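Structure provided below as structure tokens; questions to follow.
By written order: A, B, C and D. Residues from 1 in each chain.
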Amino acid sequence: MRVPLEFEKPILELETRIAELEKYAQESGVGLEGELSVLRERLKKLQDDTYGNLTRWQRVQLARTPGRPTTLDVLGGVFQDFFELCGDRTFSDDPAIVGGLAYLEGTPVVVCGQQKGRDTKENIQRNFGMPHPEGYRKAMRLMDLADRFRQPFIAFIDTPGAYPGISAEERGQAWVIAQSIQRMARLRVPAIAVILGEGGSGGALAIGVGNRVLILENAWYSVISPESCAAILWRDAKEAAKAAEALKLSAPDLLQLGIVDRVIPEPGGGAHRDPATTLANLKTALLETLAELKDLGPEELFEDRYRRFRGLGVYAE
Amino acid sequence: MALERLFRRRRAQGEVRDVPELWTRCPSCDAPIYKKDLEQNLYVCPKCSHHMRFPALRRIESLADAGTFEQTTRLKPADPLEFVDTEPYVKRLERYQKEAGRPDAIVGGRCLIGEVPSVLLVMDAAFAGGSMGSVVGEEIARGAELAAQENRSLVIVSASGGARMQEAALSLMQMAKTTLALDRLWARRLPYVSILTDPTTGGVTASFAAIADVIFAEPGALIGFAGPRVIKQTIRQDLPEGFQRSEFLLKHGMVDRVVDRRKLKEAVTRVLRQFVGGARAAGV
Amino acid sequence: MALERLFRRRRAQGEVRDVPELWTRCPSCDAPIYKKDLEQNLYVCPKCSHHMRFPALRRIESLADAGTFEQTTRLKPADPLEFVDTEPYVKRLERYQKEAGRPDAIVGGRCLIGEVPSVLLVMDAAFAGGSMGSVVGEEIARGAELAAQENRSLVIVSASGGARMQEAALSLMQMAKTTLALDRLWARRLPYVSILTDPTTGGVTASFAAIADVIFAEPGALIGFAGPRVIKQTIRQDLPEGFQRSEFLLKHGMVDRVVDRRKLKEAVTRVLRQFVGGARAAGV
Amino acid sequence: MRVPLEFEKPILELETRIAELEKYAQESGVGLEGELSVLRERLKKLQDDTYGNLTRWQRVQLARTPGRPTTLDVLGGVFQDFFELCGDRTFSDDPAIVGGLAYLEGTPVVVCGQQKGRDTKENIQRNFGMPHPEGYRKAMRLMDLADRFRQPFIAFIDTPGAYPGISAEERGQAWVIAQSIQRMARLRVPAIAVILGEGGSGGALAIGVGNRVLILENAWYSVISPESCAAILWRDAKEAAKAAEALKLSAPDLLQLGIVDRVIPEPGGGAHRDPATTLANLKTALLETLAELKDLGPEELFEDRYRRFRGLGVYAE
């Protein structure tokens, strides 16, 4: 069982109490409907109050919650026949980025995304979803395939960031992120990026240069994690909640800023409470987005993407 | 050096402050340097060749042919997120602007470099650590597009701690925007030379600075994606000597050459002339 | 297994030779295998899944849709250098041809693979170690061009010790020729899948075999540029366990997947169908 | 002083004798012209006999002789303003391949080549001219630049072969050679390859896919070194001389087979005896070859290269 987040506790407690009462009522035959309906109403109100008013920091916590759908969950649950392709043909195969071929309702597409572990062991194997340069080179190979065979490219973002370690720096982490941004920008096929959970800085953007960028309701996307931001600006990583507010890193914020094009709703309480519904919503969004792009030719797709990112930024003349 | 002896003697006698106003000390070899000499030497220590921070306008003077520079950068920052940390972003901006004497962390424009028509953009680390927000991103994109329109080469001198936090995701997007804009140059077969100076890290390295036709780095500059402090925290051990310095990057194949600031104009000219198909550089 | 017990008992009684003609032993786990079983299992040990050498025609049967294969390879080797070592090349060729039952180290042609029109080329390690001379190079180039002309996918199964010494520099040139010919496929956006089997080394790995859209390797196959003996001589130390095997290459990012021979047709079909834009593979 | 090759010894001895006699004649004033002219004639005959009838194995030895012009000697002596560019932007800078920008009589060109050391220390640093994958990636970067700026690409081959070691295999030596062959084949600018000394197998061919391939008179180019070939076919590396004959790896052989397009003459005794003349001959050949290609457009250059290599091979229908 995962450890509940602080703000989830009252709701989970109430849910437990209702369940116990229901069980008791059923077993004992005692009529508790009146009491139960009061409790159910209170639960509904508590849920609405909590989930309807999530702070940005609470969303960040939800975005990191175990049980939230990962890239492989999406590839398995939204697409058909995912067929993994491995390797960067240069140095290694990076388990922090997965990708390959898939069908989306019969349409052949090329997919990739950062992959976090679904338990501690897998997390270590996948470096907590923090790619090395070879991961981005794998992504670029997949972009090459998408372009070559004129199939849409769909990327799933879920990373605290590109790995900040010696090995990654030695092999040109900055270089490969820049190359990946450039490669994705140059695609002559429809490109969609979906932020599933964490969208941590350049390591996220490297596969985020889509014609459309979608985001799950409780995912975040920012130039820096709230903790690191707090450590620098407040000189205290514990001020992460304040930093999260200031960074305006939530899905609704990003939609307003034009950084994402569509927010994909999550079921009440977050994606981890109902992955199936989350994936269904995601599928609908992907299909509609692909349909929007389907009449654009190769050069139009490139220019559309150029204009999208060219227009981002706020300044005074 | 007579001057150095004099300096030492006077200090020993307690006659002057440790660093008199006309003098400074090399942070690397500790040699006293007459400030005017330092300026004339492009802020490179005459003793040990340590490269100090170089004011942006002096950088432009050192690269552009005399009298040819015409500034095109002019944008001012906004505060789209109404960002407040321990202090509002707008207050910080005012202070940065006063300190650096310019609206944001970049300055540049048209010029000739070794007679090659160019757009030269220089980041200013003196402004908010040279961080990249919307203004830097937009000026670089416009610079690339200007070069493409007017058939000019592009030269960018980077000096930046990375993306600017106070513009959050908008800063992040500048990585994509600047990288995309370079494609306009590619389409016209115009050269782009990137010059990495101390420090160039984060979102600047990981976008326009790293994908040039030719990349030069100044000696000893800190260059990388993650900052050394972040890496130290991640791996919980000390970083190897010389890690993330220009010479380390050269060894790892990331830059074409490490070039002394005093030879940089010659090197840039050499490359631009070759790529614009001009005649053999006849000694800059 | 009853058969195995029987086998063991009979052997114990000294009634039969150690490996009767109907039987063979797995070179990896030493299990006795009934030859017909082995053939039906595509020459994969039913006990330990060790992949043994697979006759080229059986390979074609295992990949091409039944009844669709139509051979196009037909060239015969020449002896342009009049090469003689301890024996004339022409003599060796005669022997190879007799042993392998084909003119040179490759066989292939048109077929359907999972209903996708394809050109399938299979190298035959039984002929001069599958070495690539002018015939192999020309057949591969023609195969690629045929695929391009007729809008077919290309699938090449490699098994080769490298370029053929007896055609010297002409063999070397086949590396360029085959690689160039693949460009014709690229221009038509037709997929090319490369399958690396034991052994694939030298000039074959370093040309057409390594630059496919998708690369599969059979489990445990020796794959590399230099042969292990040469490397051992160079570095004067033993090679690490598993070095240059398929799984090593997967780890180092050089191949897309290591695929069991019995799943290979499914995997190839999956990839070809995707790339030719066909509908979802409905269970091969 | 380098150690003379076996077949050079009689010539060098005679040369020394003549020089001593000349010196004696001058100092003593004794008239020795008659004797000297006999000796000079004998020397000439000996030179003609030896150098005019070099065996293939003798040429291989000449191709490896210290003092023979290396790639950097050519870049310094034939071109103007060579400007080195370093690195593969991926893993490292390989000193076994050098390259960069240069001018050839005013024409801007992009150049690269394998570089052997000119002494033991440099040989170790340059790995005896045996590149790792990163060297070929550097070469490919240079090809990209040549294409991008429409400048001729000129490659100099001088390698016993690509490095056969664990590090090279781990990083995909075969893969990068194939990629480099493909990249060079795809150039849309004039491409010239020149075999300066040793042309060892795939490691040489990786930068050998020129519209024209030139070779110095005593250089060799083969699918395998004579020693390795002898070790395999004769089971004795000492039979290298036999292998060299069988492999027909000399410049005149290769010209006859259509594998090279032009043999660049070396001065009597080999390039190391007169590097200046060698470089002058090389320059003439390069200028004439560039002139041959200068009227071809980008696609024509590609097709010309395609046809050149497509046609190589001898077989029976």
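In this text, contacts are C-beta pairs under 8 Å (C-beta built on N, C-alpha and C of every residue); 3 or more make two chains touch, one makes a residue touch a chain.
Listed by chain with UniProt protein names: A, D = Acetyl-coenzyme A carboxylase carboxyl transferase subunit alpha; B, C = Acetyl-coenzyme A carboxylase carboxyl transferase subunit beta.
Just so it is clear, the model here is predicted, and its values are computed rather than measured.
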item	value
Between A-B and A-C, the pair joined by more C-beta contacts	A-B
Centre-of-Cα separation between chain C and chain A, whole angstrom	42
Interchain centroid distance [CA atoms averaged], chain A/chain B, Å	35
Separation of chain A from chain D, taking each centre as the mean of its C-alpha atoms, in whole Å	55
For chain C, residues that touch 2 or more chains besides their own	210, 252-254
Residue list for chain D, restricted to those that touch at least two other chains	89-91, 171-172, 175
Chain-level touch network, classified as line, ring, star, complete or other	other
Pairs of chains found to touch, sorted by chain label	A-B, A-C, A-D, B-D, C-D
Footprint of chain D on chain A - complex, ascending	89-91, 133, 171-172, 175-176
Residue ranges of chain A in contact with chain B within the complex	162-166, 168-175, 177-179, 181-182, 185-186, 201-202, 205-206, 208-209, 221-224, 228-229, 232-234, 242-243, 246-249, 253-254, 257, 259, 305-306, 309-310, 312-317
Interfacial residue positions of chain B with respect to chain A in the complex	74-78, 80-81, 83-86, 133-135, 137-138, 141, 163-165, 167-177, 179-183, 201-203, 205-211, 224-226, 230-231, 234-235, 239-240, 243-244, 252-254
Chain D contact footprint on chain B (complex, rising order)	186, 189, 191, 213-214, 250-257, 267, 270-271, 274-275, 277-281
Residues of chain D that touch chain B when the two form their complex	80-81, 83-94, 101, 103, 106, 108, 134, 137-138, 145, 148-151
